Amino acid sequence: MDFLLDIKTAMLPEAIITFTILVCTVLCFMLKQEKQKIIYLISLLGLIISLTSINLLAANKIFTGFYNSFTSDFFSILMRFLILSGTLLVIIMTKDYSSKFKNRQGEFYLLMLIAALGALLLSGANDLIMIFVALEALSLSSYALSGFLKKDKSSNEAALKYLIFGGASSAIMLYGFSFLYGITGHTNLTEIFTYLANNNTDTMLNFTFFLIIAGFLFKVAAFPFQSWAPDVYEGAPVPVTAFLSTVSKVAGFAILIKFIGLAFNNVEIITVTLGLIALLSITIGNFMALNQMNIKRLMAYSSISQAGFVLIGFALLSYSGISGAIFYLISYLVASLGAWLAIIIFNTQTNKSLISDLNGIAYRNPYFATCFAFCLLSLAGIPVTVGFMAKFYLFHAIVQEGPAYLWLLILALLNTILSLFYYLKIIKAMFVCKQENESFKLNFDAGILNTSLVALTLVVVLLGVLVTPFIEIARDSALSIKLPVKQVGLSR
Amino acid sequence: MEFLSLNILIFAPLIVAGIILSPLFPNDEIIVRRFAKGFSGILFIYSILFMIFFKPYNTGYQFKETIKLFSNTNWIEPLGISLSFGLDGISVMLVVLTTFLVMLALIASKKSITTKHKLYYSLILVLTTAILGIVTSRDLFLFFLFWELELIPMYFLISIWGTGKKEYSAMKFVLYTFFGSLFMLGGILLLNYFHFLNTGIYTFSIEALTYSRHYDIPFIVKALIFLGFFIAFAVKLPIVPLHTWLPNAHVDAPTPVSMLLAGILLKMGGYGLIRFNTQMFPEMIKIFAPMLIVLGVINIIYAAFIALAQKDLKLLIAYSSISHMGFVLLGLGALNTIGITGAMFQMLAHALISAGLFLIVGVIYLRTKTRIFSHLGGLGQVMPKAFYFTMLLALASLGLPLLVGFAAEVMIFYGAFTSNSLDGFILSNQFMTALAAISIIITAAYLLWMLQKIFMGNMFEKWQKAYDLTPQEAIALTFLSIPIVLFGLYPEGVTSLFLPFVDNLVSNLAL
Amino acid sequence: MEFFINNVWIIPALPLWSFLLILFGRIFNVYENKYISLALTAGSTFIGFISSIFILFYCINNPETSTQYNILWLDTGNLKFSIGWLVDNLAAMMLVVVTSISLLIQIYSHGYMEQDKGYHRFFAYLVLFNFSMLALVLSTNLFQTYIFWELVGVSSYLLIGFWFYKPSAAQAAKKAFIINRIGDCGLLVGTLALLFYSLNWWTSSQNILLEFATLGQAGSLALANAGPVLFGLLALGLLFGPIAKSAQIPLHTWLADAMEGPTPISALIHAATMVAAGVYLIARLYPVFELSPQIMTIMVWVGAITAFIAATIAITQTDIKKCLAYSTCSQLGYMVLAMGVGAYSAGLFHLITHAYFKAMLFLCSGAVIHSLADQQNMKYMGGLRKKIPIVAYTYLIGTLAIAGLFLSGFWSKEAILLSLYIQGKNLLLIIALITAFMTAYYMFRSYFMVFEGEYRGHAHFHKPSKIMTVPLIILAVPSALIGFIFSGSLKSIGIGSFDSFIFYGHALHEAHVSLFLPICSLIIATLGFLLAGIIYWDKLKSLYCNCFKLVEKYFSPLYKLSTNKWYFDDFNNLLIKYLILPISELISIFDKYVIDGFINLCGISTLYKGKAVSLLQNGNIQTYLVTALLSFIAIITVVFLIYII
Amino acid sequence: MELGLVHYLILVAILFCIGILGLIISRNIVKILISIEILLNAVNINFAAFANFGDLDEAKGQVFAIFIMAIAAAEIALGLAILIACYNNRHSIDIEDYTSLKS
Amino acid sequence: MEVLQFLFFGMFALVIVISALGAIFCRNIIHSIVSLVITFLSVSGIFILLNADFLAISQIIIYAVGITILLVFSLMFTTTKDDNKLWLAFAPRTILAFVVAGTLFILLMFNITNKFTDFNINPKSFITKAPKESTIELLKKQGTTPIIGKQLLTKYVLPFEILSILLLGVIIGAAVIAKKDTNEKNRASESA
């Protein structure tokens, strides 16, 4: 009966979130339409409590709960912190947007919480079944969320596409899991690794590795499985898109990292393939974004290319590579949340999402424009922002692999130019082009949304300047993953 | 002496830019402009103090400053990046030059900037910080950071206040420089990695990486790093194949911005070539010196010929500045004291002259709203002061003795002719310098043709009411012509600043 | 006396000082009065003249003096550039000539430019020219000469283009400067080569870089290092400077156009001083030229051809100033011929005498033009002897001098012909004599057309003011007598001959004086005078009608040839129009479309690639699935093919 | 002929490929959902086979199969709900009509 | 005994493959659902062969019955006029689909048989461990239910609990999306 102990040491946030879910369900059915606001407050409260409860967890020791199906090491704590803060911000985003879901606001927050729970569990899951269930919890609730505006044609279509594509890729992943189970006979990851460590394996293991990776590449919207992302991001309601592009991507990367150790006997294959996949996803993301006119679609393509950059970090299979990827993930999360926040502020008030609608907005709302510009510059990797530091740290990690991977570095560098082009396109629209109706002005008073945007921009800039603590965090989390991977890089 | 801290010099413009942008600063145009001009004046005087207290004869950095975090560790400890600044032989001159030209640009931007004043002046000040940062940073990463930081203000300055197809040229400028700087990033990272391989510590400090020649980097990698740096600076100091951004950027930028662009930004390329390619890789520069000289001569002749055929005044001056920067390359390729001193002196000379010429172009454009030669003619009768100043600038630009252009050209010619950096090469130094000497004829041709076309000859009746120089422009132009004449008469004043630096540079080239 | 030698820097410093005074005076318009500018310029030149007279006497008294004083201007490692002033016989003589002529011309130009509103500007440029010319004369090393060489070129540019609102003046100024610039480029490359091949001479010994004193040893070292062919090229480069400056044959076209400037300027710069600077530089660089015989022959032939061609062109000129300009060009040809053939002192002697009488001739033509309200075409003049007798008679003295009839021109030209005769260069002697004949012809032709016969013009005539005629008279004295005084015939009274004062190497021994050469040159000169008289003098009109048509018929091709100035100008324009401008046009098109085009191409191609790739995103979920699975399986098969099998 | 693990694996492979085929070819959305179900069934058989031949003591494969069944059911339910919502808006269940979102 | 088992397996495999193909390639949707039901039933047969009896029963309950009813219900809601149009998509992607399916199959066979080398019936790359005697008696007596029960509540208790929350979410989501709105008036405003 040591479950309570397990919860206390490893899974406190998940427990709190489950409790809030239950409370919300009850309230959903009791309260009528206009009093649904309370659910918004409760979910906020739940998230904040779980956020604070994270630092109760011990960061330096590794705890496993529920028969080793969930581990809480420093890495999973960091990931859970990112997921919870991401969901918190997404829910704050939906404050004004929720007027669109007439009498179903409560359900929206509920599904969001369930998705968040799925993501939390995914970041710590250590068992194949646990991974599958958590992944499906996250996916199914996000299918439902993306189809939430049932009267809106594009939302329906987005949900349909997301479901079909998600179903197919999770089937492929399951097929991979079955073969992995077949080869090792265990479903627990630690047992699998010990089994693989002392038995030689053959091509079957590599094939299973690819099958499994397929599922996660879908989740992270990287090269082969990325074509769903633009349509779903455009069709789904904006807060859901923000959720998909940030939190579910972080969860996807969190679990992808665990499977990297799978084919440790021939590391060469993994580095080359993952590097290839990463580069292709960057290039395709950039090329498609070049002459894109819709902001949401453009942000979708940019998130595909950013995912490619994080994948490069993982492809290097070295501690410095993984810490570079984690740091890049943090910077991506912060910057894209800021960008989505800005888009949602603009969208709720003007209900338009074309770049040309943003023309000349900098001269009516200078603060909004500067915050949005800073977030975009961070995504592009221009100095002073965290994006620049992240890109520099990542390229630094690539070079650590010796001149053999110079091709990876050069191609990644060239792609940053393409990405700069389309990010500058938005900034140009805001600052340089003339505005049609001079009178139009966003109300950018001190609402919760606007303050959080300003806060995020400050974080983007501050992280860009005071970088050392965050690099330390990325390094410790990389070390705590205990991957059977080359020890080079983090010698200090 | 201790009140002279580089941190104030570099970050003061950034803070003032913030103050100007902040909402509580009055939005009235005149107050903003006066405040900005006043500040730039103070900054200029402050940088003059640095020059005065600078002791040219002890080598290495002076006024060393390292900003430590509160926990007394370097800026980014894990990667070995430190926020450290310092003044060296060459950076003193460039710092003073930057603050001087920024002051002049602000003085001259009264008429040509009509909208969004607060944003304009703060962007200029951010640009100043970026340039000062480039010149004084002692850390490769910091250098790269300021190098990239300088793109954004320039982008906005050209695209918001420019004329013609300004977005296109602004975007072209940013993407071009970004393309170049990426190669430099590759070089920096490789350099850091090999330093780590040999000494086990990560560091980006320029001194450590320069004076640690004891470890061996394989030749190919060293060549790659050298070329990486070279391409970034080749884009900035426009070397011919990579120069096509300059004409567009100049034609479409507003006058003060193109003054700054021509005056300081082109010098960053020259500064980089000296600081990184010559100081950090002495044995590589000896191998690549022939390439430098050949490219320099191509630059000079190619751009001079194009300038002859230009229909637009600003394009003519843009191509003439490409040709003059070719001299810097020639001087550098000579790899002897006189050559490199000549190259640095040419950077100073060209900065002053091209800033003046662009100011004149601005003056003419303001009156006549056109820069095409066929529409202009006989302005000398209506604008005598402008005519005399342009005459002085044109003569200085074509290398009239006792003006600053001549001293630079003489040093470069004597240096390039007597150097032996091209010994193993079929084309001898002497032939290449003779080829470059032909350019003084072509330069004289297109500059005097420009003077004759615009100011002399009979006047178009529509330019009847063109008013002469306004006080601002007159002050700016006199401020420019004083150093042009002064340093022309007495070049020793400036060369004594960076001669010792060049001496030990050439001495460690030899070993 | 030593006072003047030691601080000879006053002579160039004063004009510089007055230039600055006029400049700042006018910028802050401290004064309006014209006389102050005149006083400043004339004063500084007068003091210069007095001190140069003292220096000349000092040099005559104790020969072999060459005091030198240098300051370090620019120290760059092993090459140290310095500026200073050198006083020796040649410099002293040139100082006197330059200061005296410029003093008189400044007084004259006060009268000439009285009404012009750019008066102060004119005098500022004048005094700037004075400064640069005097400094050029006093310079100790080749580097300093190059500096003031270009400064002189610039001041001539400023003065030619003084009336810049006239398009032709602007064009002429630009042409003059660019052609001078070509010469400077040659000079620069020559100096660089000389320095390079004798580098260890300069860096090892402690003497000043490229100083004239030790140029001989350096030249011989350079010859040893570079070998005769390269040394010849080097010397040719050095020769390019004088060829451009003294308007020798390939680069002479600018001198005729330079007449666009005000006449005192043509007198001062394009007759007496600046064009003589070329010959002065040859004199200074003589030790280098002497080392390579080929260069001497080139110099001789350039001089001879210039003299001949310029004379033929001058014959058919109708514009009085252009005629005088081409006569200067031909006389300069004479001087270069003399220097080339080794007659160092004869050439310089001709330079002195020519400076005086040519300056006077130009001033007379200035007076004539001024009085006929800027009418320059001789066809519309005539019969002015009665109206302005002083100008007429001074003009006559000038013509006699230049033609070589008894006055100073005869003695200096005689010296040149003598040296030609001694060296036995007969072909050159014949050319020189033919040129002498043509000189006499066109000078008297211009005299008769302007001053004899009846007045053909219709402009209202007004007498030139007193201030313009006085300098003419003063100038008439030296232009008449200098030749005789220095020809050595007055040795008994203590005034030694010119070549005893200025010589190269060793003092020339007394050459045997045979009367044959002076007599035949006198005969040739009178023949020229008679021919001109027959054609243009109304007294001998009777013979005029038939032989003119005779000339017309037989020599028409020659006539046409000389009026279009041997098609040099057209050749230059063709060269520019069909060679240099098309090249630059081609390169600028290449630059705009090929290099820039390539960059734009990359930009556009990436945009189209973007469009092509985004076509894949056609909205149908099943296409997405197929593409996803296909690429996934493709990656797996590729990886398996490479790694597993 | 002996009945071994490989026969089941081959059966599962065939069924899986049929599922993939159906997923891409069919125009009726219901058929697409059906083919997803076929895929998941194939995986179930695979798990059961490994459980039977591998570790019958703990039969972890069968536990996994049960979880898969549950979630498959949930997924098809959600799929049909979305299908009905789509039908309400566009009155068609042909996948070709749902291509309005494209770049 | 083995022959009988093999015969049964052969029969079930054949039925599964044919009915699966039928489910996909039938023109009429009702026919494809019926063939789908047959597939589900034969899959449960396979489970029995693999002595996974609990699985077989749950398969029948969940798939054969539950999902089929769901499908039929959804068909009732979405009655479309022209049925035959919706047969197969005659577009380039069908050929590609066959290519993908074929290569996937070959890849699978390549890997299962470890580069076409090990063709015996129990490929070595997968573990084959005979069960202990006690499990065999247990199986004979009570079947696999106790084993699965024990596993579910000890080793996999966390996924089990989370599964409940997942199903809760799906129920709410499906209800929200599928339910038609009661009041017609705000439909127009909502779809704006």
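We call the chains A, B, C, D and E, going by the order they appear; numbering starts again at 1 in every chain.
Operating definition for what follows: a residue touches a chain if its C-beta (ideal position, glycine included) is under 8 Å from a C-beta of that chain, and two chains touch if they have at least 3 such contacts.
These figures come from a predicted structure and were not determined experimentally.
*Asks:* Among the remaining chains, which ones contact both subunit B and subunit D?
*Replies:* A, C
*Asks:* With a step meaning a move to a chain it touches, how many steps does the shortest path from subunit B to subunit E take?
*Replies:* Contact-graph shortest path, subunit B to subunit E, evaluates to 2.
*Asks:* Among all other chains, pick the one whose mean CA position is farthest from the mean CA position of subunit A.
*Replies:* Farthest by centroid: C.
*Asks:* If you average the Cα atoms per chain, which one ends up farthest from subunit D?
*Replies:* C
*Asks:* Could you say which chain's mean Cα position falls nearest to the mean Cα position of the entire protein shown?
*Replies:* Here the chain at the core of the arrangement is B.
*Asks:* Counting C-beta pairs in contact, which two chains come out on top?
*Replies:* D-E
*Asks:* Could you grab the centroid distance between subunit A and subunit C? Build each centroid from C-alpha atoms only and quote it in angstrom.
*Replies:* 80
*Asks:* How many angstrom between the C-alpha centroids of subunit E and subunit C?
*Replies:* That pair's centroid distance is 104 Å.
*Asks:* Nearest whole angstrom, what separates the Cα centre of subunit C from the Cα centre of subunit D?
*Replies:* 99
*Asks:* Express in whole angstrom the distance between the two chain centres, defined as the mean CA positions of subunit A and subunit B.
*Replies:* 44
*Asks:* What residues in subunit C touch two or more of the other chains?
*Replies:* 614, 617, 619-623, 625-626, 629, 636, 640, 644
*Asks:* Could you pull out the residues of subunit B that touch at least 2 other chains?
*Replies:* 175, in rising order.
*Asks:* What positions in subunit E touch 2 or more of the other chains?
*Replies:* Those would be 89, 93, 96-97, 100, 104, 107-108, 110, 112, 115, 126-127, 129, 155-156, 159, 163, 166, 170, 173-174, 177, 191.
*Asks:* Among all the chains shown, which pairs meet the touch rule set out at the top?
*Replies:* A-B, A-C, A-D, A-E, B-C, C-D, C-E, D-E
*Asks:* Name, in rising order, each residue of subunit C that touches subunit E in their complex.
*Replies:* Residues 620, 622-623, 626, 629-630, 633, 636-637, 640, 644-645 of subunit C touch subunit E in their complex.
*Asks:* Could you please specify the touching residues of subunit E with respect to subunit D in the complex?
*Replies:* 2-3, 5-6, 9, 13, 16-17, 20-21, 23-24, 29, 32-33, 36, 39-40, 43, 46-47, 49-52, 54-55, 58-59, 62-63, 66-67, 70-71, 73-75, 77-78, 80, 85-89, 93-94, 96-98, 100-102, 104-105, 108-109, 112-113, 119-123, 126-132, 135, 139, 144, 147-148, 151-152, 155-156, 159, 163, 166-167, 170-171, 173-175, 177-178, 180, 191
*Asks:* Can you check the complex and tell me which residues of subunit A touch subunit C?
*Replies:* So the residues of subunit A touching subunit C come out as 160-161, 164-165, 168, 203, 206-207, 210, 214, 223-228, 230-231, 266, 268-269, 272-273, 276-277, 284, 287-292, 418.
*Asks:* In the complex formed with subunit C, which residues of subunit D make contact?
*Replies:* Listed in rising order, the residues are 20, 23-25, 32, 95-96, 98-103.
*Asks:* Looking at the complex, which residues from subunit A come into contact with subunit D?
*Replies:* 128-129, 132-133, 136, 140, 143-144, 147, 150-151, 153-154, 156-161, 163-164, 167-168, 171, 174-175, 177-179, 181-182, 185-187, 230-231, 234-235, 288, 292, 297
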